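Each of the next two complexes has chain A plus one other chain: chain B in the first, chain C in the second.
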Partner chain A sequence: MSAVTPPRTAPARRGTPTGPTDGVRRTPAARRSRRAEAAFGYAMIGLAGAAILLFTIGPILASFGLSFFAWDIITPRRFVGLDNYAAIGGDQRVVHSFGVTAVLAFSIVLLQVAIGLFLALLVDQRRRASTKAVFRTVFYLPLLASTAAVSIFMTYMFNERFGVVNYYLRLLGSSGVPWLTSDAGAVVTIVFVAVWQSVGFTFVLFVAALAGLPRDVMEAAEIDGAGPVRSLLRIKLPLISPTVFFACVIGLINAMQLFDQAFIMTKGGPGTATTTITMVIYQTAFQNLQFGYGSAISMVLFAALIALTGLQFTLSRRLVFYS
Partner chain B sequence: MPLPPLSRRSLLRAGGVGLALAATTALASCAPPSDPKALKIAFFGDQSGADELRARLEEPVRALDPTIRLEINATPGTDWNEFFAKLLTQIAAGSRPDIVSVATEGVQLMAGRGLAAPLDEYVTRDLAELQDYFDDVSPALVEAMMYDGSLFLLPLDYNAGNMYYSPLLFEQAGLDLPAPDWTVDDFYDAGRALARIPDINAYDWVVRLWGSWTSFLYANDGNLLAEGRAPGGQWLWDAAYAGNPAAAGRGGGWAWGDPIANSPAAVEALELMIELRREGIAPSPDVGGGQTSQALFAAGRVGMSVGGGFWAGGLHNAGMAPGSFDVQYFPRWKSQRHLFGTAGYSILETSDKKDLAWEVIKRLTFPDAFDVLFPGNVTTPARQSLSTAKRYETTGPEHWDVFSSTLTEFPETAPIPAPIYFNALSTALNQRTTEAIATGDARAALDGLQIDLETAAGAVA
Partner chain C sequence: MTAPSFSRSSLFERSSLTRRIGRGAGLVVLVLAATVAFGPLLWTLTTSLREPAESFTNPPVWLPLEPDFSNYAAVFGEVSLGRFFLNSVIVTGLIVGAQIITCTLSGYAFAMVRFPGRGAIFALFLATMMVPVQTTIIPVFVLISRMGLSDSLASLILPAIGSAFGTFLMRQYFLQMPVELGEAARVDGASRFQVFRLIYAPMATPAMATLAILAFTGFWAEFYRPLIFLQSQENFTLPLGLVTLQGTFGTGSISVVLAGVILSMIPSVILFVVAQRRFVEGITAGSFR
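Take a look at the complex of A and B:
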């Protein structure tokens, strides 16, 4: 039996945190200190909450509300109910741009993950930490550059007549490729630029994941005679599958909102070959001044992203291995 | 006195109240209070340009009202389309300038949506003061600033789509320099000859409304929209342009009618551009402002390109010496009709300083104001008397008079088609033009453009 009789306190309610200090009567100074600490914590949460409320949740709610109105920002808004949503299905421009976005996004995510993993595996084999650090820095650098600046730079690189890329292709005997002025060329170039710039993100994720693999498991596999391919497919990939899943989810959410590269490099062209859904939202709202309709399209994109992420989580139950 | 115990629930409540207060305060701060002592001008360009303009305008504005502070806020953009998109968003967010720089592209958009204030009463009242200005400015430019019978801007500068060329490359190709009455066939032959020079674009062009394939469309006596004139406007023509034959038959501004984007003239003009690319005379064009085209021309890698007076200063600033570039009228096809765009400053309907804004705008029409607004030959002065040999002696081109004489030599010259749904038109034109160049099928692309424009016009209606 304990020498100290615990004070009589009300039984802990469900959800009440328990800890080493529970049930101990604190001094007034300790209580004040704890209150001050808690207040500080809530203040910090409050600031972050205010920022999220103002800049994320607020605009989403405002956009959702606006999607039920017709508004050109000049004349008073007019309630139109679900008309904006009803119009989306019959708007070929929107439907087509969803298709374009899907093609671009899935290509980008696939390549991002595949190339990022490939590079990470190569770097993981290097033994010297300094070598790894150099590669990590080099592959991550493009991610730090402004997307707008990269897009402008790449526009010159891929210029049909005077671009560096076609200059070297001509040296090899090619007549040059209309990178930005043919449907296929424009899609390939935008995917290339997006992957080039963002592959550093997946690469760093995979490098960290590979570094965290349990050594005993890897050594056991080696002793059992598993070759590099077998070891990759049977041990490494299953063990880093949560990271692959994370990269796919984040990559797809980002890629579905692709805007800068297409807007700067091709203006959505040629024709509408690279007109993404975010470009259509921009054109609808900010150029055609149909803010209500633009908001409705953005809400559909929002719902599509949630659905896609949900689908990914459903698939992850079968494909992702959480040890 | 010790504080009462603070429960977790109280803290959460306090946090929630604090968060709501923070949000309310932040939202309230989003709407800038109106400053009764500031005259605000929305300027198309970068902030350094706006600051320079403010420095030059401060004194004249102070002379009008010593208590007023001049604020010039820059809105950058690659073209007028982008500028108006940003400007309208700023207006929606509560930023209400008193004066806005507006070009042809935005006149009907601003006037038709009730954003710009008509100047009719001011012009009528101060006509005696302005007569010198109207005597000096082509009625074609003034008419382009009218909408539904009212005048919304006083044009300060303009640019007609003339043809720049490189005399050096023409000489290298063994070509005579273009004559004022040259034709599209001459242009084509020159293009073929220039295309034999390696590593240059014989002809370079940009996908946009002004000076794109639309210049060929105008010379082919076509347009994207049916042309018409709004009734009215006689109050101005009878008073300011009485007895001026150039003002005869003018109305209350351009009334852009139904889309005719897939007319035979349009298909023929766009097919010409496709053919130029197929023959290696012109590359696939860029979309937008045309900075790349101008840079290539300045680097001596373009034989011919459509440009206006603004190219003179641009090419000079890019290092081209006088004599290394020159300009000629756009070649004749069915006619030698050019297109043009013009710009000025408009008073916003919401301004509470309209009288002062008008005084500033009036002041900007004085001859000495032009170089204050546009130093360095970066555009063509609307006042004919300002286009002189002296103005172009340092920048060139040799045939600078082409800029100012286009409107008089070719009186059928007209503004670009910029209806109230200009932004949608511009977007659709860009998309369908690049589609035509990529697929080689002008007819299909223009059929698509026709539908796009009908949809945009219907949405506005």
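Take a look at the complex of A and C:
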């Protein structure tokens, strides 16, 4: 293990050594030094630790606890046991939103990873560094806008009557697509907008992974007569499969929490066509003031995220190649 | 290349015609994709430079030969965009500053200091990265109200001063540093904090820059927490403020809203131009281990 590649876990020698007697027989001085070092360590993690404890770990436990209560934040909370969880199954709004979220998230991740990979492979083919730099910059640009800003200008562009997208479609002879005003149109538009913005993320990941491929392996394959397709399928894809896997995991976690685009562009509509699970949590807790029920739905979302990530890790054991 | 007879380029010269056609087609696809990626941004920019009255008429003006800057004036005059901007600068600036401090301290401790429970506590830190904001938002909202911070910029800043991912990022960086430097300084009488402050922290500035970029992009664009925590318009941050503008202005003067959108992107674009490498590092930091 060299200094260049950071080890996965800290090796035992890290930290101020406590002397050769460590673990065998300690002198009082060594013990004092050890205790002082531990105190120093706790002090150093104190700030970040307190913040994470107070604003993440505490709230996750509180949310779990709250999910067993009925509470509107004004009147005293009332213990209801598992009623909140039982209600979820019969609540058409929640069940439907899980379906909407699944369709959106699955489409977004699939497209985001496929297009990002495709573009990264194409850019990797370019020989001139300046050409690569131009495309890298252009594909990254959408990430420099906030999702709120993107949702705003995309709403104008996809407006059925005045939007620039339908303007050009009409020039081509179409009668105009109800992008945000029909069920299917709204889903397609939100997927497009999310993918448009997030492709830059997967693209950058894959470009970095491809650039890091061992040169000698690629040259050996070329000398052995491997064509572009064969070297892609047999060598490049297996070698970058850990990065593809990482992109899928992160992408799915993000896409399952899609909120901004749906909230700003369609308000979850038309009807409930784009009401995601995060929008239901928002409406339940902060509009209807059902804090207990909202907590229960948010716990189900959390559980779904853990299950999906776990499933991906299980699948990855077969598909991902770790050299 | 010292071996001309078997150099890379000679192999490329023999590449077949099909291969060249493939590369040409690849370029065409790339240009098309770049058009799709850049088109909406260009439309936003050029439309923000059109006169408000005609900003929604098609065809769009892709090349603003006679740019009209009245929208940008309106955004600062009639509209309180300047206030939103200032709020965003305060919130994002303080969070970035706080995270650099807390994460450098904790990342160093997890990498270089030995204390009981270090592995377990670090694992707990990492586990919190999985928690979606939706699952903690209700208790945090209640907590913020009880602290008397409802509808304030502090309600956005305080819960964000620590970061598990930032701690992870800094720890990875400190792990690459030689322990011998600190040991030598300790022998020479430096305190533990002096070793951190004077020797290791200065070496970690590249990682701090990456962390700063990550935190900036995340919180500058944040919409969800401001939407829930803030009520009065004078406290709104940019993304929330822009969405409010869009709602109140309707279809009449979209060019004003789009001018706001362009202005909101300027700090990100400047940072990107100055520190492009750090953006890439921020994205890839989690993937290679």
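Structural remarks
To be clear about the criterion, the second predicted complex is superposed on the first by the 279 of 323 C-alpha atoms of A that agree within 3 Å, B and C clash if a C-alpha of one lies under 4 Å from a C-alpha of the other, contacts with A are read in each partner's own complex, and residues count from 1 in each chain.
Note that in this section a contact is a pair of C-beta atoms (placed from the backbone, for glycine too) under 8 Å apart; a residue touches a chain by one contact, two chains touch by 3 or more.
Quantities reported herein were computed from a predicted structural model and do not represent experimental measurements.
Of the two partner chains placed around the shared chain by superposition, chain B and chain C are both touched by A:Y42. By the touch criterion stated above, A:G269 is placed in contact with chain B alone, chain C being left untouched. In the superposed model, A:V138 lies in contact with chain C only, and not with chain B. Once the two complexes are laid over each other on the shared chain, residue contacts for A:A149 go to chain C alone; chain B is not touched.
In the superposed pair of complexes, A:T278 makes contact with chain C only, with no contact to chain B.
By the touch criterion defined above, A:I73 reaches both chain B and chain C.
Of the two partner chains placed around the shared chain by superposition, chain C is the only one that A:V123 touches, whereas chain B remains out of contact. Within the superposed three-chain model, A:T181 lies in touch with chain B and out of touch with chain C [touch as defined at top]. By the document's definition of touching, of the two partners only chain B reaches A:Q287; chain C does not.
Number of chain A residues touched is higher for C, counting chain B against chain C. Within chain A, the residues touched by chain B in the first complex and by chain C in the second are 38-39, 42, 45-47, 49-50, 54, 58, 73, 159, 162, 286, 291.
Listing the residues of chain A that touch chain C in their complex gives 3-4, 6-10, 13-18, 34, 36-42, 44-52, 54-60, 62-63, 66, 73, 115, 119, 122-123, 125-126, 135, 137-157, 159, 162, 164, 167, 196, 199-201, 204-205, 208-209, 212, 219, 222-223, 228, 242-243, 246-247, 250, 253, 256-257, 259-260, 263-264, 278, 281-282, 285-286, 291, 294-295, 298-299, 301-302, 305-306, 309. Only residues 28, 31-32, 35, 38-39, 42-43, 45-47, 49-50, 53-54, 58, 72-75, 159-162, 178, 180-183, 266-273, 275, 283, 286-291 of chain A touch chain B when the two sit together in their complex. Looking at the complex, you find that chain B touches chain A at residues 2-3, 5-6, 8, 11-12, 14-15, 18-19, 22-23, 26-27, 81, 85-86, 88-89, 91-92, 113-115, 201, 283-284, 287-288, 292, 296, 301, 421, 423-424, 426-427, 430-432, 434-435, 437-439, 445, 456, 459. For chain C in complex with chain A, the residues that touch the partner chain are 8, 11, 19, 22-23, 26-27, 29-30, 33-34, 36-38, 40-41, 43-44, 47, 56, 58-60, 101-103, 105-106, 108-116, 118-119, 121, 124-125, 128, 130-143, 158-164, 166-167, 172, 175-176, 178-179, 182-183, 186, 192-193, 196, 217, 220-224, 227-228, 238-240, 242-243, 246, 251, 254, 257-258, 261, 264-265, 268-269, 272, 276, 279-280, 283-284, 286-289.
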